[in-house]
Amino acid sequence: MKVGLLGFGKTGKAVASVLLEHNDFCLEWIYRKSSQLAHRSAAEFLDIHVQDPSEIISSEQICIEQLILEKPVDIIIDFSSSEAIHSYGEYAAHLGITIISAISHYTKQEISCIKKLGKLTKIFWSPNITFGVNYILFAAKFLKKINPYVDIEIVEEHFKGKKGISGTAQKMAEVLDLEDHKVNSIRVGGIVGKHEVIFGFPYQTIRFVHESISREAFGNGVIFAAKNLLTKPKGYYKYEDLLQEYFVQK
Amino acid sequence: MKVGLLGFGKTGKAVASVLLEHNDFCLEWIYRKSSQLAHRSAAEFLDIHVQDPSEIISSEQICIEQLILEKPVDIIIDFSSSEAIHSYGEYAAHLGITIISAISHYTKQEISCIKKLGKLTKIFWSPNITFGVNYILFAAKFLKKINPYVDIEIVEEHFKGKKGISGTAQKMAEVLDLEDHKVNSIRVGGIVGKHEVIFGFPYQTIRFVHESISREAFGNGVIFAAKNLLTKPKGYYKYEDLLQEYFVQK
Amino acid sequence: MKVGLLGFGKTGKAVASVLLEHNDFCLEWIYRKSSQLAHRSAAEFLDIHVQDPSEIISSEQICIEQLILEKPVDIIIDFSSSEAIHSYGEYAAHLGITIISAISHYTKQEISCIKKLGKLTKIFWSPNITFGVNYILFAAKFLKKINPYVDIEIVEEHFKGKKGISGTAQKMAEVLDLEDHKVNSIRVGGIVGKHEVIFGFPYQTIRFVHESISREAFGNGVIFAAKNLLTKPKGYYKYEDLLQEYFVQK
Amino acid sequence: MKVGLLGFGKTGKAVASVLLEHNDFCLEWIYRKSSQLAHRSAAEFLDIHVQDPSEIISSEQICIEQLILEKPVDIIIDFSSSEAIHSYGEYAAHLGITIISAISHYTKQEISCIKKLGKLTKIFWSPNITFGVNYILFAAKFLKKINPYVDIEIVEEHFKGKKGISGTAQKMAEVLDLEDHKVNSIRVGGIVGKHEVIFGFPYQTIRFVHESISREAFGNGVIFAAKNLLTKPKGYYKYEDLLQEYFVQK
């Protein structure tokens, strides 16, 4: 599968390194705003010894539609910014290119745009594309479905400087329908990221815990999405849709 | 629902107390080997102020078939011993009584007997009937199904005197296809019971943790099974079958 | 050592059972407000087969000074109420009886009274007399002393109904000089009691975790205090004073 | 304080970066076997913008005694190999240079050499120089001293490829006098390093947990040692000696 990546910040770099090291994917190009590193190969820059072209291209050189035309790909992975979808979405969708977006927040208008694109191609969006966080959310959601009155609290731990409640904890609270004060945020030292969902029953306790080790986890989340979309028809997909499948089939 | 309970050891007592305090169930009788407490009411003995007859009856007074005939019930809950199924299984099944068994180990012959009874009535068996342990096992099983090559280890912690690997951890290892040395048993002090399944991915870790607070958790497991069997057709059921349903329905 | 116990609520009963099962202590009497169980033996009531008199005596029958006179003891253990100290403190202190108080809150006036008694006898006070909680607090206090700028947060978990921040967590926050929002209280299901102090360093994290299994832990805390006071001179002691000793001796 | 560093592998680099970013230390030089990076500045190589010379020097260019003579330092930090002590130990000690060694294993002969050097200068050795691991070990050791019969187990978790029991867990087991089977090693995914010491009492559980986030933790351990040795007389020191001090002073 030929892949194009949008965004080459800290997370973009980690995702690129995971894609480069995976044999089923060929990273054709990386498209970014900055002209820094332009024309260099991401593989060489990241010191990974593979043949993928992985050319770093700046939006100052060429518009994204032109790039897609010249160097076609099967999948576009979007780690750039929410408005980017307007610049490539329709064009890519008409060409049947699968879109995997890991943008944290979309406006209502952007979300409606994404859903429309699902009529033309496969489009997947997850604000936290890490596999583990989504699996825990899925398992927690059904645990609550089975026990609607169970007490639930969330503990999320991050490095000292992190502002506000983590986006992932907010999403969890939303899906589990928890009041704000049920999310407990710990901010100490250099903790990379830990999320714990605690289910308190009268005579037993269940905990789902996710610990992040490094940003490369986002790359693995992308690969999970890409592989699971392969056999799917056109449509708009969320993480839950891909996970659900494994439980439905006997 | 009228309920009869087999067994009145420590766990049987805890289960009785949970059933007595639940309005949807009426505990008709408790059947046990010992003649201790015979003819007393379990409700009175356990100091729970409800109207359930909950008569404690010894196998020295009356055979189980006679008891079922004289004081009919909708559900039989078995916390006694593995061979008990032979004394009441066929009789109860022909009367269409639902059977919920929490026996830890059955012989092959007994298991085949149970499966046959599933053609006559609803019969459910779980060697550890706690809801939480089974939910974790379910979530873990599917996590492995999605990631067949993920590294998995189990840590189980119990009070000092507990011999051997816990039955629950053994079951987990079996379902997750783990080698023996992947189960780590901690035996210290008075820990009631904790099971942790650790999934190690390259860039993230997922943990499912179950902590037991008291034996009453078995009672809640029975109630979950009883309620979920209500709308089911005849057949032999495991915990997984009841959980699966929640994931299948959209 | 002959012991008298004040208070026979849930915690008092658990403490009595631990004292009864310990060979070095003889539980002479239990003094309580209620006249319920009066004149019965606590050993018999708790179904513990030992010879300790352990007579349950009500304050309606006899005043505490008279009781001490008639049935002398070496140690008085106070699990009753804060004002009790006024009824027996001076009298017992003049007789050289060691006083171990586990009262949760004393008024300023009562604290000053206790400190004065330390000139006459050995008197020990701990609002949470559990050994583990105090050891963790001790270890945490010195960890902060060594690293004054480390980030610290507390997570305390208890059963759903528990109101407000736990007294133990409050004490911890006070000793570690933490702002209120650094204490995170989880209230779910039937959790007996868990306290975790998290120290976040830039490149590592240290956690001290205490989990309560049952109230008998208070009894063991009493025994630790009693044994460690044995060789001490007259004075007013806190848990920290007893622990410190182990670190000072090479 | 002028500092010289021996060793520039992964850990050496992490230690160098912590030293460079700390104002109280000036990293004069790094001495290593390999001639790679020779004459470059570690600050520049690690992209840290400070004035420390931090020259990388190979043992192929100059012998260590000559280097010490030409570019004198107050402290030598040894992250190289066990035999290195023979090449610089006596020379440095005679000059009164403080030696901080983080070598994992020394032979008996090397240990006796180190102890002798303690008559000439301040010399500190810790096989795992991370502050947190040593603090936990210290707190655990005294907890056992106070409760000699408490049940203890260790759980250590590391990335899949790590062979054998971790050196830190071995040290812990040795200090706490635990049998081999009380150390439980988990090997899954990419876990950086976690050590948990579990103390099981009949009615409560205490856990000390240390989690490593990155190798820079070794650098902070070095700084702790260097600062605490400042005011000490000549002698051979272990981590415990430095920690003890905080507990002794009132």
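By letter and in written order, the chains are A, B, C and D; residue numbering begins at 1 in each of them.
The rule we apply is simple: a residue touches a chain if its C-beta (ideal position, glycine included) is under 8 Å from a C-beta of that chain, and two chains touch if they have at least 3 such contacts.
Quick caveat: nothing in here was measured; it's all calculated off a predicted structure.
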Pair sharing more residue contacts (C-beta pairs) when A-C is set against B-C: A-C
Inter-copy rotation, subunit A to subunit B, in degrees (Cα atoms; steps of 5): 180
Distance from the mean Cα position of subunit C to that of subunit B, given in whole angstrom: 39
Inter-centroid spacing, subunit C versus subunit A (mean Cα positions, whole Å): 51
For subunit C, residues contacting two or more additional chains: 189-191, 199, 201-205, 213-214
Residue numbers on subunit A that touch subunit B, as the complex places them: 130-132, 135-136, 139, 142-143, 145-147, 199, 201-217, 219-220, 243-244, 246-248
Residue ranges of subunit A touching subunit D (in the complex, touch as defined): 189-192, 213-214
Contact set on subunit D toward subunit B in their complex: 150-153, 155, 157, 159-160, 184, 186-191, 198-205
